[in-house]
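Chain naming follows the written order as A, B, C and D, and within any one chain the residues start at number 1.
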Amino acid sequence: MSSVLPLAILMTSLGVAPVILMMPDSARRLRTGFNLAAASLKVALVAWLSYEVAHGASFDLRHSIAPGLELHLQADALSVLFLALSSILWLLTTIYAVGYLEGGTDRSRFFGFFSLCVASTVGIAMAGNLFTFLVFFELLTLATWPLVVHRGTSEAHRAGRIYLAYTLGGGLALTLGTIWLYALAGEVAFEPRGVLGELPQTAPLALTAIFVLLIAGVGVKAALVPLHGWLPLSMVAPAPVSALLHAVAVVKAGAFGIMRIVYDVYGVETVQAMGLAAPLAGLAALTILWGSFRALTQDDLKKRLAYSTVSQVSYITLGVALISPVAAIGGLAHLVHQGIMKITLFLAAGNFAEGEGVKTVRAMDGMGQRMPGAMLAFTVGALGMIGIPPLAGFVSKWYLGAGGLDAGQPMVIALLAGSSLLNAAYFLPILYRGWFCPVPEGATPGRRLGWMLAIPPATTATLVLAAGLLASAPFSPLGWTRFIVSLEYL
Amino acid sequence: MSDISLIVLLPLLAAVLTAALPPQAAAVGALATALNALLAANLGRQILQGGPVTEAIGDWAAPLGIAFVADGLAGVMLAMTAIVGLAVSLQAAAGPARAGFWPLWMATLGALNGLFLSSDLFNIYVAFEILGLAAVGLTALAGTRAALRAAFDYLTAGLVGSLLVLLGIALSYSVTGRVDMEAVVLLTQSDTGRIALALIAAGLVVKAALFPLHFWMPAAHSSAAPAASALLSALVVKGALYLVLRLSLEGGAGTEFLRNTLAVLGAGGMLWGAWNALRAERLKLLVAHSTVAQIGLIALAIGVAGNPFETGLWQAAALLMLSHALAKAAMFLAVGRIAEALGHDRISGLNREELRPGPAEFAFAIAAISLVGLPPTAGFIGKWFLIEGLIDEGGIHWIALILLGTALSAAYLSRVVSRCLRGGPHVAATAQRPPWRTGDVAALGLATGALLLGLAAALPITLLETPFA
Amino acid sequence: MISDFAFLLSGAGLIGLALFRLATSADLLMRVLGLNVLAIGIAMVLLVAARGAAGTDAVPQAFILTGIVVLVGVTAALLALAERVAEARDE
Amino acid sequence: MMVFDAVLAAACLVAAAMALFARDRIAAVAAFLVMGLLIALAWLRLGAPDVALAEAAIGAGLTGALLLRSAHRIPAAPTKPLPSAQWLGAGVLSVAVGGAIVWTSMSIGAAPAYPPLVAVAVPESGVENPVTAVLLNFRAWDTLLEIAVLFAALAVVAVVKPVRPRIAPLGPLMLPFARVVLPLTILLAGHLLWQGGHAPGGAFQAGAVLAGGAIALGLSGAVRPIRWGRAGLAWLSILGLAAFAVAALAAELLTGALLGYPAGAAKAWIIAIESALTLSIAATLLLLFFGPAERH
């Protein structure tokens, strides 16, 4: 059983992708049924896996592909966190995407690559060593590209080119760093508190260079400034892509990579001792502020959300880089919290565009009357982002702030306060226009959206609320991250 | 009858049969390719189990006689030829019949098998002449003016190359008194011997289309018919590259001077080929220039291998050869199908409105992943071991060049793939996918093989690690 | 010995002449001629090397015989191609 | 004799230079033919009568005929003035390679490994002529591949489909000559083939003589080999490779070694293979000259 479950979780999307790709576009019912069945099965399997992991079971799947190179899938607490996030959101987004792409072209291709993306994310989550992580990380790059250019416009192709240049460039850095580390240390398995042994003493310079390469590699996907340029451009993709991939899969894969590198390859003590933590934290702080500033001036709704992503994802990096257990809890919890909040925002924004044709902040007037359900979900997400209690975002920010104090960095409080102010500054006007401005004259009533578009944002909004309210429950994201951190910091 | 005897003679007999019975040529050829694959697999199994297999022809011991040696490297090369051969035969057997294809392809197969197994330099020279002639015939098969001209230049260049090899062999005889593989290590021990070795290497550089002596190649590979291009690009140039690797292994540390040159030429080829591929306007030409770049990478890998007895870098080179063969053959077959469906192969016209992307485009994209060397392909594993070895040796500048080459290959291949991802407003609502053809199956099968080979890289690597005879 | 040396010089000279012609002529027929002269020069060098006290070594002689037959085959193919190239140019 | 050798060596060079640098193509081909004969003479002087015979029959004779056939069909390339750097580069390259060859060949190398081995092995080979023993026994695999080269060349020519040579009847004066030539060439070829076992000669020379005679007759218009037997020739041309390959495998069935002839029967095997090769080589060379297939 210990090797079958990870494989099953992987194959419920990796094995599904080629089948969907081969289906004719016209086989809508078959494709949708198959896709949703696989996604639901995956959620169930992940739930089972979480239960087992919480009770101390370990999972291992190894395949040697060359001497010294092993594909290794495993499931530790950190994996489960990311697995649960991506499998649940995959199910929801697939439902949404089926409704969203109704009548569009190339849907088999779309859903095939969509599954492939989730397969990569799942692989990243379960990667047991750096090599396996790299394999799925690169697969994610390739699988997302067709989705970015899905609309086929020249703008989409331009965004696709830039996306590919950034991510493949980052991939090269990550590859080089990985090979270098393998050359120095042999196989680099992910183990709590790092696997480098005596190397930090014997080869500090090389390890520093490798750290820079690895972080640069994953930093592209995590949209760390100055490697974030692809993210706002990629917003030309259809809404479900923006939602799942650019709020969850891709950027989270980057953030997750930073966690793995800091926690399970180098170990927090080594990162601290080598003086690498402070620059990383500084970079995260810079990204948080820069993203928020840029978000302020965006009129395009999705672009504003994209810059907000740039900013928010770095909360995770900050939590990791502060080298304090409390901050780590905040960062890890934010991995989940930011995911559910941002996907809520994107799905709602997608509904505004689909239902009323509204794509800019300026056109949001009266949205509370025009689409109350979507507006409500959007509001929950936005308030969560700002950090209003008792929503999910508040919990992460609280722990991050406390962690800053714990790490002896009171500046973090100032940073969080500043960032929250900026968050408020770019979200509140949208909420104000939506709820308090009248519906503009001559606005034609939009089309009614089906349940497939309405249910997913409602669900995720509920999750945002629940993650905040029930934060102290053992299976809440917060509870789970405490469990993880107890393993990383002893 | 031993597997070795059969694997060298079966294709030659099939060549005779296909020439004698044109109506049955496709059936005979396909059968021979299938048998060849079985023999190659069985030989590989024997090598894995019992180490290298040798056979003295006519029971005459070398150097007077000629010995066949099937070691791990030869086994991998035979398997590579067999796999690519299967796919190409499948495509050719199902495609429009071209008189003359089968005898030429069978002769190519026989020459390659003989070349990989032979341990005698003069014998290898003769095998090269069969290979060179058959390859030229495959080029000329297209029958167009460009193809004929390219075939003439190809034959001229190939003959210059093989005559340089022959000259080197003559001098090798003059210096060491013999021409079997044992002579190679003796050659590395004197200045005069090194001249002989350098002449052989120079000839092979021409035959392998290594920069800057690749001038004849893009025209030949891009003007031939798809099945022929696949054979030329995937297998024929590998014959010369294989011998370069073999000489470097046999010569050991003494071939340092050649390897250094090889690495520099390889790096040059990698960049020059990539640059031309970036600017190519026709798909076939892009793929042909990409071959120049990939050959450069392989030559670089052979060149930086240091003393082959001390490092495993040469295995990376062999792995890259294997991966390139599968991926490039897949790519040429796919390009053939794309051009057939669209009626042209202009890159700018790939996103045409009347047709939606089909399986051939998909095969191209998968093959591109292998060629760029992204995980989990065999190309990636090859590059991994190459870079890991270079880190150990401190060859940072080579790593930088390899990464640059990788980035460039991603750039020129994504030019095509992005147009294959056409959709949305560029495609008419009524546009149809081109129907499946056997050629698509062959291309897709090879491309998938190249992709999955990375997951099974342990097999070729174990084979390569079999000690030499 | 002196005879051998003369023939060696002759062989090397044939190779040099042929290479020079190949590098400077674009004429298809001249290229074919040049390649043939090059091969003959190589054979001459090999034959001189095969000379020994007990006569001429038989193995290199066999090599040259093989080489001559190979060369006539390649020459025939080259000329056939050259004729067709010329024909295609006329069309 | 030394002076003669030196003059001969120099004459080869002069003829080669004339062939390579002549303005007129026919003159160039003629010079090439002369060079071939001089080379054959030189190789006789170097103690290699087998090779000399082959060079005279194939290198000078057949190649010369092929070149004559093509000389008019391949138009001269317009002579563009080349940059002087190219002349200089070509000169430097030629001198460097030539010098390297002389230097390498002059240095004392290891003694050839083959003569003692050949001396021991010839009595077991079934033939007395060591060159034939090497070609058809010790290194018969080289020879088999060489036949495959001819096969491949023919396959290329079949793909390319050049124009058929024009046949110019030579008139009544030549007819008696032609009537003599055919039986004579067959006789000579048979003699060469048989002689190859113990003295210079063998399948290649014999095949070339046969082909040469047939080409001469064909061009004179006396016989029209193309009319009466292209199909037969085609079968004959692939017979050699087929027979050789089958024999190689059959020998392995009998003795366990590829191309290992059964003890005592080596001579019979070699003669049988050689006979097949002679006919096949003659047919192949003939088809290479006349073109293997009609153009459509």
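Of note:
By definition in this document, contacts are C-beta pairs under 8 Å (C-beta built on N, C-alpha and C of every residue); 3 or more make two chains touch, one makes a residue touch a chain.
Because the structure is predicted, anything quoted here is derived from the model rather than measured.
Chain B has its Cα centroid nearest to the centroid of all protein Cα atoms in the structure. Chains C-D form the pair joined by the most contacting C-beta pairs. Averaging Cα coordinates per chain places chain B and chain C 28 Å apart.
If you average the CA atoms of chain A and of chain C, the two centres end up 69 Å from each other.
In this assembly, the C-alpha centroid of chain C lies 12 Å from the C-alpha centroid of chain D. Averaging Cα coordinates per chain places chain B and chain D 31 Å apart.
Across the assembly, chain D contributes 101, 105, 109, 111-112, 114, 118, 138-139, 142, 146, 149, 152-153, 156, 160 as residues in contact with two or more other chains. Residues of chain C in contact with at least two other chains: 15, 28, 43, 45, 49-50, 59-60, 63, 66, 70, 73-74, 77, 81-82, 84, 89.
With chains as nodes and touching pairs as edges, the resulting graph is of another kind, matching none of line, ring, star or complete. By the definition given earlier, chain contacts exist for A-B, B-C, B-D, C-D. By the touch criterion stated above, chain B contacts chain A in their complex at residues 356, 362, 369, 374-376, 381, 384-385, 387-388, 391-392, 399, 403, 406-407, 410, 414, 418, 421-427, 429, 454-458, 461. Chain D meets chain B in the complex at residues 100-101, 103-105, 107, 109-114, 117-118, 121, 137-142, 144-146, 148-149, 151-153, 155-156, 158-160, 235, 238, 241-242, 245-246, 248-249, 251-253, 255, 257-261.
Of all the residues in chain B, the ones that touch chain C in their complex are 64, 122, 126, 129, 132-133, 136-137, 140, 145, 148-149, 151-152, 155-156, 159-160, 163, 166-167, 169-171, 173-174, 179. Per the touch definition, chain D reaches chain C in the complex via residues 1-2, 5-6, 8-10, 12-13, 16-17, 19-21, 25, 28-29, 32, 35-36, 39, 42-43, 45-48, 50-51, 54-55, 58-59, 62-63, 66-67, 69-71, 73-77, 80, 82, 86-87, 89-91, 93-95, 97-99, 101-102, 105-106, 109, 111-112, 114-115, 118, 130-131, 133-135, 138-139, 142-143, 146, 149-150, 152-154, 156-157, 160-163, 202, 204, 281, 284-285, 288-289, 291. Contact residues on chain A toward chain B in their complex (touch as defined above): 21, 63-67, 69, 71, 105-106, 109, 134-135, 138-139, 142, 145-146, 149-153, 156-157, 160-161, 164, 168-169, 171-172, 175-176, 179-180, 182-183.
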